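There are two complexes below, and they share chain A, which is joined by chain B in the first and by chain C in the second.
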Partner chain A sequence: MAGLETEGRSHDMGLHNEQLSGRKMQTFFSPDDSENVVYPWAYDVDFNKRTEIDMADLTPTEVNIKIRELMAEGYGSIVIKNPGSRHSIGVGILNKLNITYEGSLGYFGCGLIDGPNVRINGRVGWSCAENMMAGTVVVEKNAGSTFGAAIRGGDLVCKGSVGSRTGIDQKGGSIIVGGDTGALTGFMMQRGRMVFCGNAGKNLGDSMYDGTIFVGGEIQSLGVDAVHGELNDVDRAWLTRKLKLYDMLPEKGVDHFTKIVAGRQLWNYDNLEPHEKKIVL
Partner chain B sequence: MAGTSYKGSEITDVDQFINDEDGLASDREKEIGQHIGYRYDVNLVPDYDRITPYLTRYMETMGWDDLNWLEDIHMGYEEGRPAVFDRNINGWVSIPEDVVMPDNQQDRDMVAREMLLKFQMSPNHPLVQLRDAYRKF
Partner chain C sequence: MCGIAGVIHRGKTSDIGSEMTSMLTALKHRGPDSTGFAVYGKPADNNNEFVMRFKVAEQEDLNKGSNILSTIAERRAAVNGRMAEHNAKILTEVDATEYAYRYAFSFDGDDAALEKMTRYIEELEGAEILSLGRGLELVKDLGDANVVSDQYGLKGFQGTHALGHTRMATESDVDIRSAHPYWAYPYNDISVVHNGQITNYWIMRRQMEFKGHRFLSNCDSELLAVYTADKLNDGYTLEDSLRQSIEEIDGVFTYVVATKDCLGMAKDTMAAKPMVLFESDDLVVLASEEGAIRAMIPHEIDTYDPYDEEVRVWQA
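Right after this comes the complex of A and B.
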């Protein structure tokens, strides 16, 4: 009886049981209509127009607003001096832009970006480039945990080593690390690629749904449903090209890399299972 | 019991989901009436020999040496029609019927990338209206 009352309240609130079949939306679009290569709202910036921001006396919010103002003025190359390991710097940039940080960033640096090319000459804290959509981020030294959390696209590069849970919930893009990575790397990975030139910690690829992990060194242990795959010629070509792009190609090449993929034993999404569970329970 | 075996089917043909809209091959798929798995190989990396001039121009504009996020874009199939998934609207964008489908997945993926990019960069994209309505700065 109590359950029925709850259901009644949920209906009153507008919640219903329904088949999750998606919704259609008709948008009229012809591929011939658009020859743009940037978003309609994007700032028109010039890579050759360069400026600097000294953030020694600025808050992260003030710096983030200043970056936006400079893009509006057409600056395409911005150098940030004295970032001082402060948090949430350079987030939400949805534009083409070259941006360089002369120093280290704190937590959640460069998150939610879509397009810019970022270079960080120091280290980064937790969750660098989380939810990154597109662009390139290159960290010259080490990075903290959850490097590239929920990244959806683009290249995220760390030339040093990274902490644990690297690329947790990764949904696309490439995470490339020159050194080692910690435990639970690739946890719940859904797609995209990770490359580690060094070693990987415990439970690599735990509960990964799809995607590919390449490891050049030792793997301490694999997680649930992470299995060895066969390194093929396409993989070798991709690895070689990508590592060369960032001057990270090992002297001995890429033949020694181990490939890890999903075993697909956790692929159990279907409409029937909730009903089956109800009957069983 | 969940999580003990893969119940989906493998992709066997480039036209599989055009010829067979439902894509039900394994016993489990037939039982539940739903295809299990992606309708394209999410791990297929692009063949840069097949890149289109529009995509090259996009890479140059953004200052990238490769396709960057577009490496993850593939031609998929929705309701028996070629379509590309747009993460910005969380939905499939059907490829116009007058676009001829190449006979291999690599070329189809390049068509999908170009089509998606043109859609996202178009003033008709739903994100333009959403941005106008909800942007904070």
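Right after this comes the complex of A and C.
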């Protein structure tokens, strides 16, 4: 019964509104249960145990190793100082952890993470949080291109504007942006949601299989097979909740947001064989 | 991959030689094959005074036998002779390296006569004019930013703006001729650095050659310098030229172009090549990676990625 309620709630939230048939591979995750989903080898950390790393004289590899060592010692809150816009920092963290970067990250920051809550008090370069699976990443300033490429879960937030190809190949989770986004945002998006409080560039949602994109400003143009959807009460409730959560709710609310979904003319799941569905999804 | 960078000070000069060296050092991992600088100093008061950077051999030629130094000396003497034939008066000569030089000279002819003289010089075996202008000085060589900067004494160079490039050779050789930045006739004070690949290079090159423009390399990036020089010569503004290039040039590219008093940038329709930009009232810095900007401005700043088809121009 509890399972049905969870499934019903996720449908109400708009997480599973696909008009697909024959899909047997779906797994329904409940946000309530996410606390219990941990890797067996995950470190047992204490969020009240806090420490700092000064990156000024360390390489990204040294810092990534140091983060693991600190988690093994039980530290649950880590502050990284002087990241200096260097690349590949804080990648592959498959653990619950509060981690704060006092400064900007370069390319591929926070990629392949599953679980940590990340705050970046600066900017990020290309491909921030690529392939993120769970957790939250909040960027206080702008972000580069391919922000949140292929993410599968969690909340990826940018308070400023992001570059081109945001959320390309997104497979789940939420990407929330306070400002504008560039061309080809949501290209080949498969699942999840994106929210842009500002404007979107050319070819928004090009070749998207599924998922939902909300845009608060102007859309320069839609991509192939991206179409307008009707903003419903569930959408409004979700947008309001998410934007309020990250202190990004516009004063005028969310009624002005445009909803973009897949037209489903380009990719017809129902014509695919089961093994083909597995490949494309 | 390549790394590109640009800096422009508005309303003042600065040690742009050291600034660009720092930025290109931070971009070394994007291109270890060669490094190039285009620095813009204060133009001479007299309109007939020019600065010419040129070389008469490649770096690797120094390993080609004991006679190479005398060969280089002969080539340099031949350059001096050809300048004298065209009534160019050499004011100062600086030996930047054993095979590359900086000449300041006066020349009373028009632009066409100047071009004719320099083409005559480049007919000499091994001779290549790296730059010729009133403000532009272009230096490029094999090695990383510090090596090239120290070799040519760029640290301490006072000027308003500069471009830089670290090259990872892909479609052409590892030599000085294929290194960036590029410049072109007939708009002498132009320089270009580029990250990307131009897919209609040969078509565009043939069009430019048909109009009489010269190409010294087979590197697609040189096309952007020739193209921009051609547009400016036809009366285009720098901004219009950059916008037009996005329409006419195919491929993926982000490039930065400088003239004697401006810096501009353009990104292709796919925004496939990176660029990060910092802008304040008196300073603009842009580079392939934010790390390069941080190398020049260590304190926390706001930066952003220009979007697809974005064109920007700044005045010194």
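Operating definition for what follows: the second predicted complex is superposed on the first by the 230 of 281 C-alpha atoms of A that agree within 3 Å, B and C clash if a C-alpha of one lies under 4 Å from a C-alpha of the other, contacts with A are read in each partner's own complex, and residues count from 1 in each chain.
Assume contacts are C-beta pairs under 8 Å (C-beta built on N, C-alpha and C of every residue); 3 or more make two chains touch, one makes a residue touch a chain.
Treat the numbers as computed from the prediction; the structure is a model and nothing was measured.
Asker: Is A:S164 contacted by the first partner chain B, the second partner chain C, both or neither?
Answerer: A:S164: touches chain C, not chain B.
Asker: Quick one: classify A:F214 as touching chain B (first), chain C (second), both or neither.
Answerer: neither
Asker: Who does A:P40 touch here: chain B (first), chain C (second), both, or neither?
Answerer: first
Asker: Just to be sure I read the superposition right, which of the two partners does A:G153 touch: chain B = first, chain C = second, or both, or neither?
Answerer: Only chain B; A:G153 stays clear of chain C.
Asker: Which partner chains sit in contact with A:S145 here, chain B, chain C, both or neither? Use first/second/both/neither.
Answerer: second
Asker: Taking the superposition as given, does A:F257 touch the first partner, chain B, the second, chain C, both, or neither?
Answerer: After superposing on A, A:F257 lies clear of both chain B and chain C.
Asker: Can you tell me whether chain B or chain C touches more residues on chain A?
Answerer: Touching more residues of chain A than the other partner does is B.
Asker: Classify the contacts of A:F187 with the two partner chains as first (chain B alone), second (chain C alone), both, or neither.
Answerer: A:F187 contacts neither chain B nor chain C.
Asker: May I ask you to decide whether A:Y101 touches chain B, chain C, both, or neither, giving the answer as first, second, both or neither?
Answerer: The answer is neither, since A:Y101 touches no partner chain.
Asker: What residues on chain A does chain C touch that chain B touches too?
Answerer: In chain A, nothing is touched by chain B and also by chain C.
Asker: Under the definition above, what is the set of chain A residues touching chain B in their complex?
Answerer: That would be residues 22-23, 25, 27-31, 33-41, 47, 65, 68, 96, 98, 115, 117, 133-136, 152-155, 172-174, 191-193, 210-212, 225, 234-235, 238, 241-242, 245, 261, 263-273 of chain A.
Asker: Can you list the chain A residues touching chain C in their complex?
Answerer: It is residues 84-87, 103-104, 106-107, 122-123, 125-126, 141-145, 160-165, 180, 182-184, 201-202 of chain A that touch chain C.
Asker: Help me check something: in the complex, which residues belonging to chain B touch chain A?
Answerer: Within the complex, chain B touches chain A at residues 2-8, 28, 31-32, 34, 36-38, 42-43, 45, 54, 57-58, 61-66, 68-69, 71-72, 87, 89, 91, 93, 96, 99, 114-115, 117-126, 128, 131, 137.
Asker: Sort out for me which residues of chain C touch chain A in the complex.
Answerer: My answer: residues 269-271, 274, 276, 289-291, 293-294, 300, 302-305, 307-308.
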